[in-house]
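Chain naming follows the written order as A, B, C and D, and within any one chain the residues start at number 1.
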Amino acid sequence: MSIRTEELLVNVGPQHPSTHGVFRLVVKLDGEVITEATPVIGYLHRGTEKLAENLSYTQIIPYTDRMDYLSAMTNNYVLCHAVETLMKLEIPEKAEYLRVIVMELNRVASHLVWWGTYLLDIGAMSPFLYAFRDREKIVELFNELCGARLTYFYMRVGGVKWDAPPGWIDKVKEFIPYMRKQIEEYEKLVTGNEIFLSRVKDIGKYDSQTAINYGLSGVNLRSTGIDWDLRKQEPYSLYEQFDFDVPTSTDGDCFARYRLRIEEMKQSLSIVEQAVAQFPEEGKIMAKVPRVIRPPAGEVYSRIESPRGEIGCHIVSKGKAEPYRLKFRRPSFVNLQILPELLIGETMTNLVTIFGGIDIVLGEVDC
Amino acid sequence: MSGQFIFFMLFSVTAIGGAIMMLNMERIMYMIASAAVTFLSLAGIYVLLHAEFLAFVQILIYAGAITILMIFGIVLTKHEEKREEPKRRFYHISLFAGVVGLFAVFYYVINQSAFPAVTREIAQDQTKEIGLLIYSQYVIPFELVSILLTIALIGAIIIAKREGK
Amino acid sequence: MSDREKEIEKKEEKEIKKETEKKEEKEIKKEVKKDTAEEKKASSSSSEREKDAQEEEEAAPLPNQDKLDKLVALFKGQVSEDAVVDAYINELDHHVPVVTVHSDHLLACAAILLSDEQLKLNYLRNVSGVDYETHLEVVYQFVSMELKHHYVIKVKTDRDQPVVPSLTSLWKTADWNEREIYDLLGITFTGHPNMKRIMMPDDWVGHPLRKDYEAADPEV
Amino acid sequence: MDNMIEQLSIGSVSLVTLATAALLLIVLVFVTYGIYFERKVIGWIQLRQGPNRTGPFGLLQTVADVFKLLIKEDTIPNNADKTVFKLGPIISFIPAFVVLAVIPYTENLYFANLNVGLLYYVALSGISTIGILMGGWASNNKYALLGGMRSVAQMISYEIPLVISMVGVILMTGSLNMIQIVEGQAGGFWSWNIFPQIVAFGIFIIAAVAELNRTPFDLPEAESELIAGYHVEYSGFRFAFYMLSEYVYIYAIAGLTTVLFLGGWHAPFAFLSFIPGLIWFIIKFCSIVFFLFWIRATMPRLRVDHLMGLGWKVLLPLSLVNIFVTAIVLELLK
């Protein structure tokens, strides 16, 4: 005797609360168990790379803001860094300090958004609002610095656009102990919760071999035990000067990724703390850069550690004011590839947990 | 005309109506809904007979559990929405004759037989009464039924396990 | 909900941004007009640039030159004499060794990168496609997490019949990256399990990142 | 109830109708301000204001919401099974309202003094499930179907520990009659069932939250997975009916918990019994309602398989053990 059951084809997205944007996942369900998952992307494709071929380098920077819109500072930086590498520019120290401070604050803000939305996906609503309250403080700091709350357009080739307004550094100093206390509270609220643990422990597991093979980066890679953080491995900016740890875990599950992100927030705060302590009050914020930036003909691939992993910028220059070819290596795009493999044999509920655990931003996936 | 009679008529009509609907409906979902109506009407008749315990157990088990189980089965499995009934004239006529005959027999027998007019005191606490009866007078049938149900349960598990392999 | 909030924030930001952008654009445009003549001179084809680089090599040994030589020797010895088309050090990008491989031998060369004890390039960090108008090029960025070194492999392919073997069998990273290149530049990767468009709609005509691509609506 | 059926007169019929209308009104007021209260409480926990625009302190917000739902265009999906689609919310709502009849508020204020009151509650509340499943199935939407299936699986699984945990209380009182159950808990808070039946109380609360489909057991309508579950295609007053039955069940469960475990209308201390029983009932009732809102703002959602595991592997055996122990202790104390 056999009972014939129907396979259900469900379109998760492009309009679905848990896809965090216009992402579509075509899922075949046997009961509640996923037998096949096919991601469909491109709904947010804006052709940034094509547009960039007709824009000057400074004009491209606001486009990078809109890629990973939760972490616009690191995106700004990767482009500026690529051009600066091509031009062999020396960046004033004060500018580098400002860059590090905003990048690390942005990392905290980005992880906070992840933390809130992840718990929202898991079904707890309050953490979402707590996270946004604290992110608001960072956003306000950025607002004061560059007049924007989300798409900052703060960095320029050769430095940063705005100097820290008077009293800004003190506000950052005050923010650090506050945020530390909040993170502690969050951990008390969520990390020990039995229901939460049962939702994330041993879910979405993969080993380091798989992670490397899929080219995962950031927390997704470090959760499998590989100590690979570009801030340490291929130091850029001032990161060599700061004392911080790269948290890793060997569990490779969603809980490991959760813990690492919490830990990263703490590390970022400690970097910011050191940076504001050493912050030079005097100094220039822009290097001597020609009005029209025309890097020499050549090719460069610069990469940095964004909150989501390795963000890279591959520029082919022909010595003109516009790049001949500009390609971004977007961590979300690469990290997302592993999703179909992780989903097979999981339930609909775990879909949300695993997908959220990868932490993607759709603006970056589609670019 | 007492209220009891009105309600009895109401419940018996809905019970019979539900049964007929169940046989005649084309979509399975409707069939089950009709069956549920019958179950509920029967529970209503139980209430009229002062058998509240039985009535609510009837709702709990039949209207609640069994109906839902059937709906579950239907929702989860593939089934034909409609099926063509072959037109068989002779079959229908003989069926009708059979039903009329059966009704006649029932009517005659019920009319003829004299029910002993025993007036029993309605127990104040029926639940207790039922419990006492089950565990004293009817303990052996009760235990046998429970064994039967256990066997059915185990059988179901075994079938489901084989299916899983 | 989070998304909606983000959307709203974005809108706010955009308005402010637009103004600043416009101002800057104007400034830049002025400059650009002045310098168009100069630009024309400066533009040079990539092959010329490579030649320049090779000349420099002869003048003084660059860092990583030994690495490059070793890799070239390895390819030539283990795969084929004509596996290596070109090899140079990219001075601008931290002196990274760049080897251009013939597309027929790409798979064999890639397998060496992965398995060789001295290389162990297990992490494919990026794949880009470039349209050089004369030909198309695919650029692979490799890194070894154990030995912490970086190599760049390039493959050139014909512009009219662009075919490159797929590396998905060795690195799963290549999967979507190659699909993206196929979608935007039109390079077909042989052996790819799912060679379909990824960003553009399935019925899109043309490959937008090609230099001669004409937008359906030039105004946009 | 028996009497009413036998002496069906215009007087008794109109009395019943009037009482029902009064109860309906009370319930509607409860639902209106229950929702308001919930939004305020959760808003307060989540650093928000909650409704504060419509009417003074936002008191009319729910009224406005309900009004909006009622005047909204009534849409039925094209491929839906229209009859079943329309029937679903009604079948789900009627039992929710009907079960309220047996809840006694004080020794004199109740609607029906049924011998098998508890059984009545359990039996009828199970019928709502059919309405949910009908709605989920008839919508012809995959998410709705998944949500409907989930909720039914959940409700069936949790009804069993819910009922069995009640058996402990029934053993203590020796009756299924709710009024007698409350009477059995007279005399100070130490004689409330919550203390001797603390295990049963725990099981009951967990199972009750699961029955209500509320966080952390809100899987049927898990918005992050299934968008809204079984009522995803519903709008207007049909949707309002589903929501209404959900909140009426909160009312019912809070009332039931008060009756079964918290001593109903009895004061916790004898010297406090000058305060009317109804006040005590309302206080206990409201704290249960608050508790339900509180955990909604705190907990993440459980996973389906864990939920089933918890129901069948933990709560059910535990509740059986509870009955066993209760029976032995009662026998020994006799």
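Keep in mind that, in the parts below, a residue touches a chain if its C-beta (ideal position, glycine included) is under 8 Å from a C-beta of that chain, and two chains touch if they have at least 3 such contacts.
Keep in mind it's a predicted model, so treat the numbers as computed, not measured.
> When all chain pairs are ranked by how many C-beta pairs they have in contact, which pair ranks first?
Counting C-beta pairs in contact per chain pair, the top pair is A-C.
> Report the chain ID whose CA centroid sits closest to the centroid of the full protein CA set.
A
> For chain B and chain D, let me know how many angstrom lie between their CA-based centres, rounded off.
Centres of chain B and chain D (C-alpha means) sit 28 Å apart.
> Which whole number of Å gives the spacing of the CA centres of chain A and chain B?
62
> Chain A to chain C: how many Å between their CA centres?
About 23 Å separates the centre of chain A from that of chain C.
> Can you list the chain B residues in contact with two or more other chains?
76
> By residue number and range, which residues of chain C touch two or more other chains?
In chain C, no residue touches two or more other chains.
> Please set out, as single numbers or ranges, the residues of chain D touching at least two other chains.
If we look for residues of chain D contacting two or more partner chains, we find 145.
> Please output the residues of chain C touching chain A within their complex, sorted ascending.
1-3, 5-6, 9-10, 12-14, 16-17, 20-21, 24-25, 27-28, 31-32, 35, 39, 42-44, 49, 90-94, 96, 122-126, 128-131, 139, 141, 145, 148, 152, 171-173, 175-177, 180, 184, 197-201, 208-209, 213
> Once bound in the complex, which stretches of chain D touch chain B?
Going by the criterion above, the answer is residues 1-2, 4-8, 81, 83-84, 87, 114-116, 119-120, 122-124, 126-127, 129-130, 133-134, 137-138, 145, 148-149, 152, 156, 159, 175-176.
> Show which residues of chain A lie in contact with chain C when the two form their complex.
For chain A paired with chain C, touching residues are 17, 20-21, 41-42, 45, 47, 49-50, 56, 58-59, 62, 65-66, 69-70, 85-86, 88, 113, 116-117, 120, 128, 132, 147-151, 153, 212-215, 217, 226, 228, 233, 291-292, 294, 296-303, 310, 312, 314, 316, 318-321, 324-325, 327, 329, 333-334, 336-338, 366-367.
> What does chain B use to touch chain D in their complex?
2-4, 6-7, 27, 29-30, 33, 36, 47-48, 50, 52-53, 56-57, 59-60, 63-65, 67-68, 71-72, 75-76, 124-127
> Can you tell me which positions in chain A touch chain D when the two form their complex?
8-10, 16-18, 29, 32, 119-126, 129-130, 133, 190, 193, 195-196, 198-199, 347-352
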